Structures are given as C-alpha cells and as structure tokens.
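Just so it is clear, A, B, C, D, E and F label the chains in written order, and each chain counts residues from 1 on its own.
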Amino acid sequence: MISTYYEIIGNEEEIFLAAYHQQLPLMLKGPTGCGKSRFVEAMAQKLGRPLIQVSCHDETSAADLLGRYLLKGGETVWQDGSVTRAVRSGAILYLDEIAEAREDVIVILHSLSDHRRELYLDRTGESLKASPEFMLVISFNPGYQKSLKELKPSTRQRFIGLDFKIPAESIETKIVSRETGVNDKDAQRLVRFANKVRNLRDLGLTETVSTRLLVDAAKLIKGGVPPRMACQVGIISPLTDDQDTHLVLADYVALAF
Amino acid sequence: MISTYYEIIGNEEEIFLAAYHQQLPLMLKGPTGCGKSRFVEAMAQKLGRPLIQVSCHDETSAADLLGRYLLKGGETVWQDGSVTRAVRSGAILYLDEIAEAREDVIVILHSLSDHRRELYLDRTGESLKASPEFMLVISFNPGYQKSLKELKPSTRQRFIGLDFKIPAESIETKIVSRETGVNDKDAQRLVRFANKVRNLRDLGLTETVSTRLLVDAAKLIKGGVPPRMACQVGIISPLTDDQDTHLVLADYVALAF
Amino acid sequence: MISTYYEIIGNEEEIFLAAYHQQLPLMLKGPTGCGKSRFVEAMAQKLGRPLIQVSCHDETSAADLLGRYLLKGGETVWQDGSVTRAVRSGAILYLDEIAEAREDVIVILHSLSDHRRELYLDRTGESLKASPEFMLVISFNPGYQKSLKELKPSTRQRFIGLDFKIPAESIETKIVSRETGVNDKDAQRLVRFANKVRNLRDLGLTETVSTRLLVDAAKLIKGGVPPRMACQVGIISPLTDDQDTHLVLADYVALAF
Amino acid sequence: MISTYYEIIGNEEEIFLAAYHQQLPLMLKGPTGCGKSRFVEAMAQKLGRPLIQVSCHDETSAADLLGRYLLKGGETVWQDGSVTRAVRSGAILYLDEIAEAREDVIVILHSLSDHRRELYLDRTGESLKASPEFMLVISFNPGYQKSLKELKPSTRQRFIGLDFKIPAESIETKIVSRETGVNDKDAQRLVRFANKVRNLRDLGLTETVSTRLLVDAAKLIKGGVPPRMACQVGIISPLTDDQDTHLVLADYVALAF
Amino acid sequence: MISTYYEIIGNEEEIFLAAYHQQLPLMLKGPTGCGKSRFVEAMAQKLGRPLIQVSCHDETSAADLLGRYLLKGGETVWQDGSVTRAVRSGAILYLDEIAEAREDVIVILHSLSDHRRELYLDRTGESLKASPEFMLVISFNPGYQKSLKELKPSTRQRFIGLDFKIPAESIETKIVSRETGVNDKDAQRLVRFANKVRNLRDLGLTETVSTRLLVDAAKLIKGGVPPRMACQVGIISPLTDDQDTHLVLADYVALAF
Amino acid sequence: MISTYYEIIGNEEEIFLAAYHQQLPLMLKGPTGCGKSRFVEAMAQKLGRPLIQVSCHDETSAADLLGRYLLKGGETVWQDGSVTRAVRSGAILYLDEIAEAREDVIVILHSLSDHRRELYLDRTGESLKASPEFMLVISFNPGYQKSLKELKPSTRQRFIGLDFKIPAESIETKIVSRETGVNDKDAQRLVRFANKVRNLRDLGLTETVSTRLLVDAAKLIKGGVPPRMACQVGIISPLTDDQDTHLVLADYVALAF
C-alpha cells in the first residue's frame, strides 16, 4: 500500500484523533475537491485501520449498506454490505456526500452514532456491537447552492463537525507541485489565477475553482500542453458552459501566463 | 447488560408505569437529543422486559416490521419482523420518529393499539394476541418545523401522550458530568452556554442545542481538546452551516470559557 | 370468544340487519374513535358469522386482498388474501378507512358489491360466488378535513350508507364507566368536559375528542393517576401539539375536576 | 345460467348487433349505475357468447390482461390473462371504466381494434388472430367531472360510440319493481323522487341519483325498513356527505312518502 | 398472406424506397387514422420483407424491445424482444407513436439509427449488426395538442421525415367504398360531410374526423344501420362527449343525408 | 475492422492524447450530430484500444453498468456490466449524454475519475484497479435548452473539458461529400444552406441543422431523390413540426438549389 500524500492545513488532525479516541462520529463539511477524501485516507493510514468508502446518492439502498441475501446452490446466503463489513472489521467507515442519500440510509446510522454504537441487521435478526476501533465519518458540501437536500437536525446532532476551507496559497502551491511534478513557478501561477477567480463573486458559478482542477491543469502542462490551453481545458471548461464567462476567465488566464 | 443511566426530570416514570399496567399505548413527544430513547431503555430495564427499537423512516416497509418469506433449501421460510418479535416475546416495542413512517407501516399498529391488542400477519394468515407484558411506545418531534408530516388523528387518538422538555439546569449539568466524567465546572459552563443559545429566538436554527451536543463537547474536553475548540466542533458546527451564526455563537463560547 | 361490549345509540342495528338479509353492501360513515369497529364486531357476533377486518392504507395491494403465489418445495402454491378468505367462508368482511386505499383495491370490490356478488381471481382464473351469508362493510371518516381522498361516485353508489354520530351524554357516560370500571361521577365529568371541548369550534383541531380518548383517560384514573394529569396525558396531549391550545384545554380540565 | 334481466330503453340493441356483425369495436358512454354492465351481459346471452369482464383501474397491468409466466415444478408455465382468454375463446370482452386504465393497457387493444383484429403476446412471441365471434366492448363515464383522465383520440377513433341516458320514468319504474319485488306505487314514488333530485342542478353533486340507488332503497323497503329511512340510508347517504344537502334531500323524501 | 389495400396519396412511396435503399431511418408524421400503419404494411409487402410492429406507450420497457431471461428447467434462457427479432431477421421494424415511449426505449434506437446500424444487448453482451435489408420506421402525431411529449432533437435528427396529410376527396372516397363495399354515393356523402367538419376550426376537437371513422360509419351503413344513425354512432360519438357539439354535428349529418 | 472516417477540426486530437497519457478523464461538450461519437471511435482506433459505448438515459441502472447476478443451473453467476468490462479490458469507455443519467449511475464514476482510478463492485465485494490504458470519456450537450438536467460541480470538476463546435464550411463540405459520394457542388450547396439557417436566430428551433442532417439529405440526393425534396425530407421535416417554419425553410432551399 502506497501512503497517501496529504498536506495538513489546520487543526483537522487533532480533532480527528480526539474523535477517534472518544468514539465520536465525525462530519466533514467543505467544498468539492478540497481534499476531504484524501484526508480520511491519510488518517486511516496513520491509525493503521482499514478504510471503507461509500459515495452516497439517492439510489443507495439500505441493502447496499447492510447486506442482502443471494441465491447460491439453491440456498439463500447472506452477503454483508459496506457498513456491516466496516463494523465487523473495526474499520474507518467514510460516507461521502451523505446529504444525497435517502432517509432510510441515513437512519441506519442512528444506532451506530449514539451511545449504543450498534448496528441492527433486521433481515438476519443480528445485532452487531462496534469495536472501539470502528469510526464513522460522513461528509457533505454546505455551500453547494443547487442542493435542496439538508440533513435533519436529529441526524446532524449525532456528529461533531469539522469545517474544511481552501488551503492558503503556499500550502496549495506545495500540493499542486508535489502531486504533479510541475515546476514551482507554474504551480504558483495556477494557484494565483485560482485565487483571483475565487474572489470574483459575480461570475454566477455554482462552485468555484477547486484544488483538484489546478492539479488537472498542472498535469496537462506536465504532459506538454501549452499552459493557456491547459487552463482552458483543465479549469475553465469544467467550471462552466457559459461562453461569456469562458471569455472573462480566458482573460485572467492570459494575465497569469 | 449494563444498566442505562437516566436522570428523571418530571412525572414521566409515573405515567409510563400507569400506561404499562393499564395496557395503554404511549406516545413520547419532544425535541431531538433530549433523552427519549434512554428513558425507554431505563423503563424497560426497570420493568425487566426486553426492548425492541425501530428507527422509522419513509422507506420502512410493512415487511420490515411484520416479517417476510425467505428462500432456504428451496423452501420459503417465514422470518419475523421487529413488531412480530416484540409481540411474540412480550417486549417493550419502541418506534422512534414514527411521523417519518409511511401510512402502511402506521396502520399496522391500529389493531395492536386498541381493545383488540392483536397483530394480524396477512402473509401467513396468523393472528397474534399480545400478552399483558407487551407495550407499544412511539415517539416524534412536534417542534421540528421542517417536517410536513403529521400523524393522522385516527392514529394519534390511539395513544396517550407524554411531553418531554429540556431538563432544568441542575439536572442537565448532572447528566453531562455523569455521562462524560468532565468536571462539574465545565459541565455547568456548557449547560449555561446552551441555555443562553436556547433563549436566542432569532438565530433561525431548525432545532436548538440538545443535551446530546453538550455531552459530545464535554467528551472532547475530557479527551484533551481545548474547551473553545470543543464547543466549535462539538456544538456550533453540528447546529448550523451558516457562517454568520458561527461567529455569533463563537462569541457566546468566548464568554462562557 | 368473549362477547364485545357495544352500546346501541340509534337505528344502526335495524339497518345493519336489513342490509344483511337483503344482501346489500354497507358503508359506515363517522369520526374516529366513535365505535364503528366495535359495532361491526358486535353485529358479527349477533349474526354468528366470522369477522375479517382489514385496515386500508395506500400501500394495501390487490395481492394482499386477493392472494398470491408462494414458493413451497419448488412449486408455486396459492395463498388466499383477506377478501378471498371472507368470500370463501361466508364471513362479514370489514374494510376500515376504505378511502385511504388505492383505486385498484377498491375496484376489486365492484363485482362483489353489485348483482353479481362475485369475486374474480385473475391470477388463478377462479371465479368465486359469494354465499348469502357473506356481507361487505366499509367505513370512512367524511369529516376528516386533511384527507383529499374521496370515494368515486361509481364506488359510493354501490353501498347503502349509515351515518355515525357521537353518542348522547347519558349513553357515552355509560360506555366510559362500563368499559373502564371508573366510578359514574368521574365518567360523567369526563363526558361533560368532552362535550364542552366539542362545542369549541375555533380551536383549530383536525378532529375533536373521541369516546376512545375518554376511555383512555378513565383507565389512567382507574390506574391511580390524578384526574387532571390523566386528562392532560390521555386527552389533551393526543389531541394537539399546540402549546397555547394545551393551556386553554387545561383550564377546562381544571373546571371539570 | 340464469338469464339477466335487462329493459331495452332505445336503439342500443340494434347498434350492438350491427357492431357485432360488422366486427366493429364498441364504446358505451354513460353515468354510473345506468345499466351498462347488465346490457352487455344480456347481449352476450342473446348472442350465445361467453362474456369476460374486466374492471379497469390505474394498477391494471398489461400482464393482468395478456398473461404471465408462473413457476410450476421448476418450469415457467404461461397463464393467459383476461384479454387473451377472450380472444382465444371468441368471447365478448367487456372492459369497464377504460378511462381509468394506464396507457400501456389501452395500447394493447390497438391491434385488436383495427383491421388487424390481432393480439400480440410479446412475452411468448405468439400472435393471436381473433375469430369473427370475438367482440371488444369498452365503457366510460364522460360526465364524471372529477376525472381528469380522458381517452386519447387515437384510441377513441377506433370505436363506434353508444350514448346511455337515464331511462324514461315508466321504464325505470318497471326496472325498480321488477328487480326488487316492491309494489308499483313505491317504485313510482322512488323514481319521481329521483327525477326531482336529478333536476336540481345546484346541489353540487358529482353524480346524481342512479337507477342502482333506487333499486337499493326499494330492496330495503321490501325488507321492512320504513320508506323514509330507506331513502335516507339507500339514496341520500351514498350520494353525499354534506349535512346541508342531506337536509334538503330529506325534505324531498318527506314530500314523496 | 392477403395483400394490404393502400391508396397512394403523394410521393410517400418514392421516399420510402429511397430511404430503404440508402439505409436511412424514416419518421412518419401525421394525424391519427390517416393510414400510416397500412402504408408501412403495404411497403413491407412490396419489398418482400417481414414487418414487426410495436405500439409504444410509457410502460414499454427496454426488456420488451431487447429481450429478457426466462426460467426454463432451472436454467435462465434468453428470449429476443421485438427489436432484436427485427434486427436478426432483417425485417421492417415499425414503432408506432414513438413519442409516447420513455427515454430508455428511444435511446436503444440510437446505435441502430446512425452509421453503426448496430444493436447492443447489454444483458447478453451480444452486439448485432443489422443486415442491409433491415429498416427502422417510427411514427408520431405532431398535431396532437394534448401531448406534452416531444422527441429530443438528438433523436429526431437521426431520421428523415415524411409528413402525412388527409387524402384528397376523390382518393378518400375511393378508400371508403373500396374498404367497405358501400356504394359510391354514400361514400362521397361521408367524405363531404367529413371535409365540412374538418373545416370547422372552432369546434374545440382534439383531433378531427379521420378516414378510419368514415370507414366505420360506412360499415354500419353497409350492415343496415340508417345513414344518420350510422354517422351519430360511428363518427360523432367517437369524436367528442360534448352534447352541444353533438347537436351541431347532427345538423351537418342531416344536411349530408 | 474498417477504420472510421473522422475529419480533424481543431486541437481535439492533441488534448485527447494528453488526457490519455496523463490518465485524466475527459468530457466532450457540443451540439447533437457534430461528430463526438465518431471522434472517440477514431481516437480509440488510433490508440489501438477497444471502445465500449453506453448511451445514457434516465433508466440506465447501476446494474447495467456494473453487472448483475443471473440464475444459471440453479446457481447465481455474475455478469459484468459495460463499465466493469471496460475497466477489466483497459478499454476507452464512452458514456454518451451523461447528463441524462441518474445520480446513482454518475456517482459510480467518482472513484474511477479521481486519484484512485478504482471501481468498486458492491454486489461482489470486488475492487478493480484500472490499468493505465483505461480511459473514461463522457459527453453532453450544454446548448440543449430543453434539458433541465445539469451535472453537479462535484462531478464536472473530475473531468477536463473539450468544447466541440460546428466545423468550418470547407471542412464540413469535405465531410459531406466524403461520407456520401455526392458531388462537391451539391455538398457545398447543402453546407451553405445549413449555415444560412444556423444564422437565423429567431426560428425557435431547439437545435439547429447538424452535420448529420446534411449527410442524410446528401444520401437521398445520391439515391436519386430531387435535391429540394431531399432537403424537405432529410433536413426540414426532422428539424421541426411547425408548418410556418417549414415554409420559411423551403424558401431557403429554393434559393440554394
């Protein structure tokens, strides 16, 4: 297993470890592409625990998480779902974009996230007690304005919360160059371009430039694509389909490179 | 089985016992995280009856509660659901957040909650008479303003009702210190901070600070996290995503610690 | 079988018997908790016919009523549903809250409720002729203002209709004391309190106090709960979640006891 | 088989026979309870053809009509649905309240109702040619104002149409007395009462008094119920839940009897 | 096989043959009952190719078109759907009222209707190349004002389009007399009556008189029904339920016959 | 395998190859019928990788993409879906019209489109690492004004973006003549006609003339259909059902030929 590269940007490691040791479930909040998934990967490696990730969406079913019966040789045999495997193995369970999931999926977590720390499999009649190593982590993006889905207070109040922000310029530059091998100068130009765009509030973008986009553009530059075209293809086009905004952003690219 | 810690805050024990002995179904009403589940656990232990809990949601199906046929060795065999097991074993059956359930799930309870005290399993053709030890308890949160779901009068009027409130300061302080091992002073500071926030009516919060959140913050303090950061992570971030409200609440935290 | 207690309040028995002998399907209309189910139970006992009850809701399926194929020993075997069993056994079939059912469930009753008195099982290809002892009874609550569901005229006009009202004071007092063993004085106080509340039109209640609620409060009193608390828990809290209405009703309780 | 009683009220028999011999599908239009089903029964008996009736609703599936595979002895065996049985046996197929059915059910009829007169079973790959004796009859109620469902022109224009009206007073009186055995005087009073109500346009009734309701009330009278109570229970209560309309109609009953 | 009668009304045959030889998919547009299906039948016979017809509706599933697995003798065996059979046999595939179908059904046609001419069966993993004899024809009714369903441009632009109109008087008269055996005079009266109605724009009809309706009325006349009654039953009643429009149209009938 | 004809119109090949070698997922944006699918086919051939195409729609299920269990000989055996086959075989995976797909289908791509390049099959418990040859390509049409579906930023920002436009006149003429064998003059007339229509902004067309339509019309001309009729049938009728627009466009055709 290759160790995941993750650059610490605040007190997130301290809180994660306290939550882990106090057996408190944790909720990560922050914009898309800011490194939440990588952070959880890095923490799991540090703690030496297996990591089980689930990307939530509105078709995720309780059976996907808990398990289901399959027919084998004329018998129905039980197959554990992701959450059940995590509880049995004392893993870090990471449910990404939890707010997209349906209520029935979220409610499954209730008995796991309070003093009971228990998972009840109604289909098998089994009740699983989580070991002290098990930890429940969820994430969602509070700034995503298009989404009308919100977590109910009776779910939110079961988690402690950690707010992620976009990293400071020097840290983000380090991330971009370290992840792609692009030279420091180009990495810094990309980050400065991104920060200028992030400060333009009236572009009407649903979400602004993520660190992930900068990494993509840097990879294209590293692969021989001219920087301006790399920014067009790796940052501007993924951000928006609006042709006028494309022109505005192309001007900022021309200033940066 | 370790006895559940529960601190009595009013006449709830007296009513529960009268309902149990008069074989009346009981409805618990109150905000999230105020201890309804713990109360039912403690009563079940006091009465020496098994407790079966179901967290309701809009995907809970009648089959989840009553049971279903499974294929085993080429035969279909019947497997009891939660409600059926509770009726067969004379348990306390606790249906949490009943208002989230679909009509078909709620209607199953009708014959159990009137003079018949009977459960009819249409799939097996079986009719189960509840023993005198069986008790039906439901809960819901009437103050949860986001929810448009309400129980129909024909369901509500089958239950007697018990209203839960947030406990008095001295009792809540005792709960926080007893559950987390935090010192009395910090427990009191947390409760006082909570009561100030609870009195701020114009914060626009869907729900206010629950006892559960205070317990989470106290656990972080006990685990070595500085109190102000523990309040941020354990109380403020779970309460809301609004950055302005975060700032207001951070000021109150600074006053408390 | 213990005989069901039912107190006659009008011409309901005469109509029921005429409908039974003329083989006319019957529709009971009236508020929740006024004794419709008990009445049907008592009539079935009087006529010496088995009673089959179904609580309708919008997830009741045609298969629940007609029957379904189950896998047993590698064969599909047919299992009768509630309506089929009632037709085969010449029972009184009682479909409670019929207006909640889906159209496909209601349409099943059409051939049973006209001159054909026949049930067609499309899955088995069987056609069952009802014996003269079979009777179809449905109920619904026309005053339930929240419900937008209504029976179609082509269904309604297949039934004769019996309107239930809240019983007169002396009859209701008799019901309360007879069912709970509470003394006549407390029974009368409960009924008078109920009638005062029933006359308050501007409380905004979806449904008003039913006889069932009075019986519940009386049982609590019989079980040793002080009358005012019994009214709070057994009548007021089940009626509404509105705190202002709670206060108004508590004043009426204080006047009554 | 007992012959169905049906009283001819216009040119309906002539049209039915012409449609049968010219192999044209027929659409019956008219209010609830005016005798459409009985008419089809009587015609089927006259022509000596079996009659297969289906009450349509929005849960009727294509499989209900065409057929489905069932598991028997480890094999899937095909079971014909109602329409398939009608085509194979050269029956009169009567689809009641066709406008309630879903599109997929109605579309099944397309190849049966044009020059092809063919039914295609996509699940078995079979194509059935209807024999000259097969006839397709559908019905719906165009005056039913609550229904927003309408047949598409591409379906309607495949049928010839026969409009049913409420029969003239003398014919309706004959129907009521002949079907119930009530004396002619009471039959006439019932019909006159009905015609008065039918002329009251501002009662706000979804549908007005059907012949079926008169027959029900007459049966109650025949069974010993006093005429006024029989009208209340057999006509007024099935018509509406509105208490004010009840009072108005009770006055008309008092004038009639 | 009896040859289908079809009367050419424009350049439709020339276009059909060019599309067939150039392997271009064809879209027929026009009102209900104007002969689109007959035209495709006649073309298939002329080209000597088998014809497979599917009437589309919003419950048509991808499995209906592509095929499904069935259980036979404990094995799952594959059964081709309509489209698959058409591709395998090099047939003319005619999908009637395509705009009624769901997106997933329409998308199946994409790879068949561009340069690939290929059908991919995801359930079996098979990829079928259409032979040069295979042709895809769809139809829909653009003037059907009730329908809110439209084909997406990315589907439409895969087809060449052929617009159908109501035939000229002399051709329509020939169709009516040839199909029914009615005398030329009555055929002409029917067509003239139809053309008068078609020119009345303010009748509020969803669709106007189709050739199919004239054929139905002519058959009734041929079967001995008096012409005016035949028009009432065969044309007016299928067109509309509005009683006022019935009266207007009856006047036009009286002028014609 | 015959090589796909594709005419390069900008820097699309350079970007595609850089994305392939940098293992970045690619998003193609552009109008219908502009050659996106052909481009991906040509690139796959150039790279010597197999191509797996999926046309997305709102009924595409996760099982279609990942795989499902089938019953064979009494055992459940696993069958790979399209995405799984693409990952196992290191193919170019092309998901056409991705914006039409449901969230659960799109979310499946998340772990494949970030640093993990992994596909998790929850039903088998298998985790597949994509080989360096695997590439993920999606397409959608941002200008399609009818569609209310948009990709979420958390999905978009996982892809680099390539914007397709309609090719310049000389290139489009070359495509039309090369693909159909029509003479250069007619090809040029078709392209010029198309460009005139594309510049007419107030025609109210959902989409304008695509290269695909020009190719269809050219094929009809090549097949002997007179040019004006070929334009009517191959371009105008597929574009719109509006008769007035038909007349306007017919005038432009008359000017062109």
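Worth pointing out:
Note that a contact is a pair of C-beta atoms (placed from the backbone, for glycine too) under 8 Å apart; a residue touches a chain by one contact, two chains touch by 3 or more.
Please read all numbers here as calculations on a predicted model, not as lab measurements.
Chains that touch both chain A and chain E are the following: F. One copy, chain D, sits rotated relative to the other, chain E; on C-alpha atoms the angle is 60 degrees to the nearest 5. Of all residue numbers that take part in the contact between chain B and chain C, under half occur on both sides, making this a different-residue interface.
For this pair, chain A with chain F, the centres built from the Cα atoms lie 30 Å apart.
Centre-to-centre, using mean CA coordinates, chain A is 60 Å away from chain D.
A straight line joining the Cα centres of chain A and chain C is 52 Å long.
Residue positions of chain C touching 2 or more other chains, listed in rising order: 71, 74.
The touch graph of the protein chains shown is a ring with every node of degree two. All chains join into a single ring; listed from chain E onward through chain F, they run E, F, A, B, C, D.
Within the complex formed with chain E, the chain F residues making contact are 32-33, 37-38, 53, 55-60, 64, 70-74, 79-82, 85, 96-97, 100, 141, 144, 146, 206-207, 210, 212-213, 216-217, 219-220, 222-225, 229, 233-234, 236-239, 241.
Chain F meets chain A in the complex at residues 11, 14-15, 18-19, 21-22, 24, 27, 29, 62, 69, 71, 74-76, 102-104, 106-108, 110-111, 114-115, 120, 122-123, 125, 142-143, 150, 152-154, 156-163.
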